[in-house]
Each structure stands twice: as C-alpha cells, then as structure tokens.
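What follows are several structures.
Note that chain A is present in both complexes that follow, paired respectively with chain B and with chain C.
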Partner chain A sequence: MATDTDSETVTPDVAQFSTDTSSREEALLWVDDHLKWLMTIPAVLILFSLTFYPLLRALQFSTQSYLPTGTVFVGVENYVQLLSDGAFLNSLVVTAKFVGIAVGVEFILGFAMALVLNKKIKVRGLWQTLILIPMILSPTVIGLIWRLMYAPNGLLDFIAAPLTGGANVGWISETSVALYSVILTDIWQWTPLVVLVLFAGLQSVPDDISEAAVMDGASRRQRFMHITLPYLKSLIVLILIIRLVDALRVFAKVFILTRGGPSDATNVISMEMYRTAFRFNNFGEASAMAVSLLVLVLILAMSFVNIANVEFGS
Partner chain B sequence: MVTVEYESVKKAYGETIAIEDIDLEVDDGEFTILLGPSGCGKTTTLRCLAGLTEPTSGTITLDGHDVTNVHPKNRNIAMVFQNFALYPHMTVRENIGYPLKVADVGKEERENRIEQVAETLEIPELLDRDIANLSGGQQQRVALGRAIIRRPAVFLMDEPLANLDAKLKISMRSRIKVLQREMDITTLYVTHDQEEAMSLGDKLVVMDKGHIQQIGTPDEVYHQPVNQFVAGFIGSPSMNFVEVSHSDGQIQAENAPEDFDVTLDDAVVKRYSGTDEMTLGVRPQYFSIHTEETANAVEAEVEVTEPQGDEQIVEVAAGDVSLTVVAPSTIDTTRGDTVWLTLEDELVHGFDPETGDRIGDPEEMVATTRASSSAGSQS
Partner chain C sequence: MTTKQDTSVDAMPYTEPSGLEKIHERLTETGLTKAGVYGALALFLVWTLFPVYWLVTATLKTRETLLSFPPQWIPLDAQFGNYARLFAERPEFVTFITNSVIVTVVTTIVATTIGAMAAYAFVTFDYPYNLDFHLPFYILSTRFMPPIVTIIPLFVIFRGFGLVNTLRGLILVYTMFNIPFAVWMMKGFFEEVPESLIESAMIDGHTHLGAFFKIVLPLVKPGLIASAIFTTIITWNELLFAVILAQSSQAITVPVGLASFVTKFSVQWINMSVAATIALAPVLLFAFMARQQLVRGFSMGAVGK
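Entry: the complex of A and B
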C-alpha cells in the first residue's frame, strides 16, 4: 500500500488509485466507528415510541382542557385543580396507607421467610416452587380468586367464623375493612418475590465469611447485623424500590376487588385517575394526576437510594 | 499453657469418610503442620478443632478440657482461612479490630491494639484502605492481624500462603514463623506444600486418605519415612521406587535385571535379610552420576536433563526402569548418553511391596544416617 512519502514518486494513475482507497477506507472507518450507534436505532425508536411518546403526550394532555368543542391550552390549571380536588387528595391518603402497610408487611414477612428458608430445611425445593405460584398468576386472576374468597359466606368468612361468631365480615364491602383486604391480597401476591430475592441474597453470603465471624467470636445477632445485612444491602434497596414503585401504581387488583369503593375507601391514585379520565372524561386532570404520580415515584425512588447509601455507607 | 489433643476423631459425610482414627497431641507453643495431598482431610481435621465441623465420633480436648461440643465462639481459637475470608464491606482497620469489637472492648483500647498489630505486620499505612483493593499479600497480613489481635489460645491456619506467588510465599513464611515464636501460641498449620512444611514446622503430621501416616520432626519424616507414601510425598523431586529382588545383598530390578544390578554394603544388607522381594526407595539426591563405566553401578541412558542452576535434574532409563537423579551442574551429559549411577547404600529404603511399610528397624537407620550424612539428623 502506498504511503504518503512514496506517493510523490509514483505515477499519477497509481496516486489516483491510492487516494481512492484511502477515501474508501475512511468511509469504512466511519461506518466502523458509528455502526454501533446505527445498530441501536431500532431499539431507541421502540423505546421512544413506547415510553417517551406516551409520556410526552401525557404532559401535553395535562396542560389542556377537553371541551365538547375541542381542546384548549390551560397551562397549569389542571394541576392547580388537583390541589383542591377532595377525591384526589383522598386517593393520596389511601395510596399512602396501601403502600406503607403492604410493602412494610411484605418486606418484614418476606425477610423472615427468607431467613427460615435459608436454614437447611427439608423439602426446600417444594417450598421454592409453591412460593412462586402467586407471582406467576396475573393480577386479574388473583383479583377474581380473592373476590370469591371475600364474598359473603365465602372462604374467608368461614375461616374467620370462630372470631366473628359466624357474622359476615364484609371483607370488601365494609368501608373500614376493604382497604385491608386489598392489602392482604397484595401481600399474598408479592411477599414471595421478596422471599425469593432476599433468599438469593442470603445464599450469596459466602460460608467462610460467616464462619470467620463465628471464629472471631461474633454472636448470631452480631453476624446478622455485621455480615448478613451489609451483604443484602443492595438487594434490600432494590426490592424495596421495586415494591414501592409497583404498589404506588396498583390498579388491576383494586379494580376487580372493589372498583375503589366502598365510598372511596380503596380509591387509590390510579383508580381515581381511571375514573377521572373515563367516567368523567376529564383527560386533562387525569393526565395531570398521572404526571404527578410519576414525579412522586421518581422522587421517592431517588431519595430512597440516597438514604440507603448514607445509612449503610457505600 | 495450651495443649491440644485429638482422640480417635472421625468425621464421615454420609458414606464418605473424611477423616478417621485421628490421634494427635500438640504441645504448648508447638508449631504443628498438617501435610498431605488434596482431599486427605487436613481441612476437616482443622475444622473439627475450630468447632466449625462436628466430629462423628472421638473427642478433642484443649488443656485437658473436652471441647468436642463447645461452641467455636467459646474455644478462643483464631483461624486464618485459605482465601482469607476478610469482611469485604469493612476497612482494614475494621477487619483487624472485629474480634475486639464483638467482644465489647472499648474503642480506645481497640484502636491501640489495632495500631500495635498493624506495626507488627508492617501495614500501618493500609489501615484505612478498603479490603477490595488490597493485593493478595496485603490481604494475607490483614487476615493474620485479625487472628492475632485477641491473643488466641490456639492458632489455626488453612493453607494461608496458597494464593501467594513464590517469592511472597517465602517472605510470609518466615514472618509467620517469627510471629509464632514471639507470641508462643500453639499452632496448627495446614499445607500441601512439603517444602513449606519442612521449613516451618516443629512437628509434621503427614496425612493420606483421611488417616495420619506419620507424626515426627521434619528430619524424621524425611530420613525415616514409615511407609512408601510418606517417603514419596516428602522430598523434591520425589523418591524413586524400584521393584527389586534381593538375595544376599544382591539387588536386581525386576524390570531391568541386567542394567539395574548392584550389591549393597554389608551393614545395609542386614536390614533386608529374609526379604527377597521389596520396593527399593532411593532419593534422587542419593545417586551419584558417572560418565565413565563404574563398578557396582546402574547402567542407564539419559532421557532429559533439566538445568536448575547449581544442580540439574536428570531423567534416565535403566532398561524399563525410569529414574530421576539430582546431579551437580558440572556433570556434562545430554540425551542419549550412557551414564553409571552409584547408590549411597546407607540412605536407601526398602518397602514391603504389599503393604508399603518400611522394612528394617528405624533405630538402625538413624545410626547409619548419622554416620554417613554430613547434615546429621538429630532426633
């Protein structure tokens, strides 16, 4: 191949040829450099159309008012409206209760079960399979199963009979009970995930590290605090974020069990969003709720990561 | 004063017997080495003493107290694990200080002792580093530090040098030896490296297939191996074993009766009177190699020579018998040459071809060894 120095001594023809090659080479180099980016275009497009496009549309909707005559731009009015919307504010409280209790119980119960499972118990394989079932079922199926169980004179009334003296509890029809019933269903569905993730984490604690702690004289409690917890730290943060975010968006279960009732007792944010949009045709305010929920989820998730980092040191 | 005693300790995992008939006494302050090939039960033996593994049967006593069922935490034994098992989320300081922390030692005293240990191990500058970015040798010292900080009754080390490079191994080896002498702590140390074992230990415990084969000083196991396994395992390169027939001091290799045909000294012959077949064991160092025909020598052909600096390892074949010989590098031979090997009669061993046990009275061997070898084994 002609280099720069000998290109001066060669005939014009060859020189011509050599510039040709180098421009082709350059083109190839350019493709080589940029191909990796070109290859990602389909993925970027799909991601954009599935995620960012609806998001941007929601943002746009939330600044519009829908009148029979068409849409008008109203700026932040929909958001201002939210602040004085009693049903929305109530849904915030309901959601907070739901998330707090459900995720709290799921985490504590799941952790405890993972610890039990981590002991060398018999038929572990069987337990691991059984525990997966609630997670495999779709939320709709779960909703239907539990609705049957919660029905008057259903399975749960039968189980609770010794406590209630045979009277129906009204699991999903009694205002003071309904939210806890929905929470119970969520706990039933999602505790297994917590168990599974934390169990995997417990399994990843190397035997010899715990044995070293035994030899160093650490008690069982000290080993848990000093060895096990730090090992699980990132998984704990992960599972809490997954559950928090998911619980904040709960919809199908509530929709099938209670439709948000009785009298808004289980009216979580997504339920209220659904009602506003499809029952009252107020797409503007519903979109404003959606955007607010998104922001809330983001803030929660990020602050949680930060708290976790500060608390455990990273 | 801490003595350790194993009494017919056995550990079985289902059908697999990891160790059996372990009887061992370790004196106060003694540096005892458990030595043997992979899977022979060294770690299991150590873990039984640590309390991390519960023996299937037998008892272990510390200072005469039966500790077989005592929780590891209450045995005051420190252990250095093969892969160090440092706490990855703690700094060096926190790792070394951990045994004191869980023992509720005050912060001030804890800091003092951490500093002291770090000085001893020459790692004060590492104290505030993370474990993750330490080199193998540095991690090794941290693991040692964590073990010595609370002055344990017994020190256990499971192949602590296995992950280090050759040079670091040698320097850490002497550091451990000095430390053990200064602290005067009863120590059990596991290794499968016989050179490491010879250089460190007061007492060697050679194990194979879950059983103790021989207990003795490094000199004893080297010069008076009780059986063919110990003889072959200790020493580098390994001892040569040749199936021979014997009559009246005349030794002939069964596979090469013409080439390998030598007469032993009268003093040596006594040992083997009444034996007409045995396995002859000769260390590669105890052949002398000659390039000219020599009387009463094994005639052999050179196959490979491996220069080692001052010495060379020469692989030769006498008929169908392959032999390894260590010779001075001044001897000039190459592949294909014919050489003559003479034996240092007093230093050969005879083993029963069936049982592998050594033939002949060890006391007799000591005498001859002392008389002939300049190293002069003391026992």
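Entry: the complex of A and C
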C-alpha cells in the first residue's frame, strides 16, 4: 500500500520527461505497474506446464491402452491389471522394505550421532563440513563407488573374509543380499543429513530450561523425553517426511548398482515403471503405476503430518 | 513404571539418580565418555569418507592392483596416465562434459533468476485470494512429487515439440526442477531486506524493477550464490530425466555417460573410476563454497541460514 502512494508522487516528474524521451519510459512504467504479476508468471507458468499439466496427462494415459494403431480408452483396466501384475506387486514389497529399513536406520543412527555431536566438542565445524560430502555426490557416482566396493574380490569381500572364510559374498549379485547392499548405500548417503538437521534442532533447545530441569532433579532420561524431544518434534517429522518421500522414488542408485536384479530382488517401483514404460512401451500401465505411486506418497506424507499434528513449514 | 515417572516430572520432586545415571557419571569422571564421543565421531567420519577415498585412489591404480586381494590401501605406483587414457579411449566423454556444462550453466542462471523474482514478489506484494501465501506452498509441494510420475507425459509432450534428445529440453526440465529450491531459499533472504530501503530508492527516481536489480539483489548476494550453487549441484548430478530424455550422443550428459561404463556383463573399472572422479570434483568444490547453506537447501529451508 505504501508503495502505491510513493509511485504517485514520482509519476509527475516522469510524465514531464516522457514528453521528450521515447516510449521507453512508458514501457518501464507499465512494467512497474504490472510488476507483481510479471515477476511471478515465469515461475508459475513453468511449474504449471511441466508438473501440473503432465500430471493430468498421466491420469489420462493411465486410462488408455497403447496400440501400434493409436490409443484406446480402457477405463480402469490398467489399474485392475496392476493388481494381478506379479512384477509390480513384488516392486511394492521391495520398495516398502527399502524405505522402511533405510529410513529407519538413517533416523536412529543419525539421531544418535546428532546427540554425540551435541556434546562440547572441538573441530565440530570441520566434522560437519566433511560429512556433507555423500549427500552432494551424484547418485550415479555413488552407485559407481559402491559397485567398486561390492566388486567380487573387492574391498568389502576382503573385510568380510574373516566371517565368510574368503568366499565372495556376491554383494549385488546374490538374490538374498542385493537389496541390503542397495539399502546400505542409501544409509551411507543420507544419514549425514539426518545428523545435521537434528543437530541444528538440538542446538536450538534453550540451555536455561535444561538447567532448570537439572535443578529440579530431572534425570537425563526425563530431560530427554520431556524437554529435548518436544523441541525437536517438528524437525523430526520434517526430516522423516523428506527422507520417506525421497526414498520412495529412489532410482539412480538401483539403476547403477543392480538394474533391479538379481531376479527382481531390488526392483523398486521407479525401476519397474521405467522398464514397463521404456523397455516394454506399455505407457498405459506405467502411468497407472505412476498415479498409484503419487497417491501413495500423498497419503503417507499427509497422514504423517496429521499424526504428528505439526504445522508444516513453521 | 512409565506412569510413575510421568507424574514425577509434573511435580518435579527430587528423584534418586538411576543406575544408568550413576554409570554415566562414573564414565564422565574417568574421561571415558569423552573418549567414546570422539571415537564415535571418528568412526562415523571414516565410514563417510573412506568410500570416496577408495574411488579417487582407484584412478591411480592398474587393473591388477585395483581388485587385488588383499587390497592395496595406498596406490604406490600412481598411474596418472589413466586420466589421459580415458579421453583417448572414450573421446566422446569430452562431449558429455560440454553438454553437462552448458545445461548446468544455463539452468542455474535461468532457475535462479526466475526463482528469485518470484520469491521477491511473494514477499513484497499483496495478491488477491491470499495467493502470496498459497502460491509458494503450491511451488514447494511440487518438490514432493516423485519426478518419475510426470516423466512419461513429459516424454510424450517433448517428443511432440521435438525436445527429446536436445539440450533445450533438459534445460527446461531442470529449470522446473530447481525453481522450488530457488524460491524457498531466496524467500528467507528477501524477508530480511527492509521495506524502507526500496521505498527510498523509488523516491530517488528508480523504478521498482530498477530498485530490485540495483538495490535489493546486491543485498541478497549470499542467497543468490547459495541457490546458484545448489542448482548447479542438483543439475550436474541428475540422472533420471537425462536417461529418458537424452538418449542420443548429441545430448548425453555426464551422469548418463558414467552409467554407460557399467553394463550388465562388465565394468571398465579404471575408466569408470577416472570418469566418476572427474564428475565429482566440481561438485566438491562448489559444495565447499556453499557449505553453510547446503543443509538449509536439503531440508527445504527448515534449518540454518
């Protein structure tokens, strides 16, 4: 509001100039008048046309069947098909295992390290900087790093030798082990983020409250349960949502490490979707998977926020 | 047991230290807690950094020493020739790097500019229907959508516009990808610029747009640099869209090129390690420059400033 009155006081001066100079002044004034829309339209337009519109098209595709002659409307047939599609159902189980174990371990290990870091420690800054490295690396590079570590006769086989008696574990080629190897890679990459976010939360717990509780004779455990945890609640919810949503869409690591194999043991949803769409050219069923995945993400994220009863973004 | 403790907290009477508490105190007295803390931190650091060390040192080994058993911990006979050999054997890798640089630079400039403008407008102006509150949340929510959900329609749409296998197509997608980060990163910075500054600049004869570019943007330079670096890292690293939207060599980026070293049947270990090391070097450099802002970016603005 205040800005409006200001521009009115400026306008007479500019109007005088605009009689002898070009239409450039007028153009600038027009831009200023419409600035609030001009500045937001590019962002809104790009996001609308490249996320919202494709989303509607995905809904449309999921009700169509792709034939060499063209598309045919088939209603919910693609969704019905999914329910009896063994590979898809298997990918749901694989994804659930991946997300559950990876996020669970990342959270517990990350929280523990955050508590350790919260003691009075020298070179804390350097430590924090160094553990940033895994999360900024490309998932492709990470996949390659761990391919190297998991290689037959590689480093991890050497480390595990006392347990295995020198036999190769087959970290990413053995059906019963491969998924856990992929999970370990995810834990390696994302535990540092949990540490840093929760550590920032621990730092924001006011010292005087803690000290008052000590005076009142509250034990270490009581202080943790009744002072630290409530303070961290919204950050805990946030980091769990971020990790949950990110883990649900894991693709690059699996693509590089195993391509979904051996015998579909690591075939997560996005890998199955990729194969259905771009190997078997079944866009209809792949879109139905995509829509199901989105619904799953929305339900998980929203119910999680509701359960925790946290105002998001605050 | 638990109920008893809950009530005791409300009233806060003096409670005897528990067994655990006593053990903890004894450990602190003897200095063992401190040793435990530093030990845990050191262990975590080794676990985090060693795999990267292993990749980088792999570039200096020979095929024989790379997977020798027991492993060669330090490359004794450093093979710097491995770097030259990658470009001799896979000359197309130069094209991949060029493509990645073009896509990353253009995306960074466009996404940061568009994101910063939108963020400033949301902070400064009043919109009808409370849009200045709702639109940023709509923008942020796109970040939660799994990218693979839209990739099939995007592929079909891009095929229609002839954008598949072009750098333009990738730039467009990555700009979309990065705008939410830029908006939320910049919003916090613009909120701290005092309104009076803009008003006085306009009284001095600047247009509002002029004041934005000449007065406001220089003030939020740390934010601009942070979002630019963040965008650079995300774009440089991205694999999924690149694999699907750029399959022919004129638009292949570094991550897709890296993936090509690994087939179902064999891995070109040395070339792969060299290429991966080249791919991670710029990221490490940029990340170090923006280390304060990175956690803020990854936690969508929830932590740190």
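FYI, the second predicted complex is superposed on the first by the 270 of 314 C-alpha atoms of A that agree within 3 Å, B and C clash if a C-alpha of one lies under 4 Å from a C-alpha of the other, contacts with A are read in each partner's own complex, and residues count from 1 in each chain.
As a working rule, contacts are C-beta pairs under 8 Å (C-beta built on N, C-alpha and C of every residue); 3 or more make two chains touch, one makes a residue touch a chain.
Note that the structure is predicted; figures quoted are calculated from it, not measured.
K.L.:
Going by the touch definition up top, name the partner, chain B or chain C, that contacts more of chain A.
P.N.:
Of chain B and chain C, the partner in contact with more residues of chain A is C.
K.L.:
Touching chain B in one complex and chain C in the other: list those residues of chain A.
P.N.:
Common to the two interfaces on chain A: residues 213, 216-219, 222, 226.
K.L.:
Can you list the chain C residues touching chain A in their complex?
P.N.:
5, 8-9, 12-15, 17-18, 20-21, 24, 33-34, 37-38, 40-41, 44-45, 47-49, 51-52, 54-55, 58, 67, 69-71, 114-115, 117-118, 120-122, 124-127, 135, 137-140, 142, 144-157, 172-173, 175-176, 179-180, 183, 195, 198-199, 202-203, 205, 207-210, 233, 236-240, 243-244, 255, 258-259, 261-262, 264, 267, 269, 272-273, 276, 279-280, 283-284, 287-288, 291, 294-295, 298-300, 302-304
K.L.:
State the interface residues of chain A toward chain C in the complex, per the touch definition above.
P.N.:
Those residues of chain A that touch chain C are 1-3, 6-7, 9-10, 13, 28-29, 31-32, 35-36, 39-40, 42-44, 46-47, 50-55, 57-58, 61, 113, 116-117, 119, 121, 127, 129-141, 143-149, 151-155, 157-158, 188, 192-193, 196-197, 200-201, 213, 216-222, 226, 235, 238-239, 242, 245, 248-249, 251-252, 255-256, 259, 270, 273-274, 277-278, 283, 286-287, 290-291, 293-294, 297, 301, 313.
K.L.:
What does chain A use to touch chain B in their complex?
P.N.:
Within the complex, chain A contacts chain B at residues 206, 208-209, 211-219, 222, 226-227, 230-231, 233.
K.L.:
Spell out the residues on chain B that touch chain A in their complex, using ranges where they run on.
P.N.:
Checking each residue of chain B against chain A gives 50-52, 72-73, 77-79, 81, 83, 85-89, 98-99, 102-103, 146, 150.
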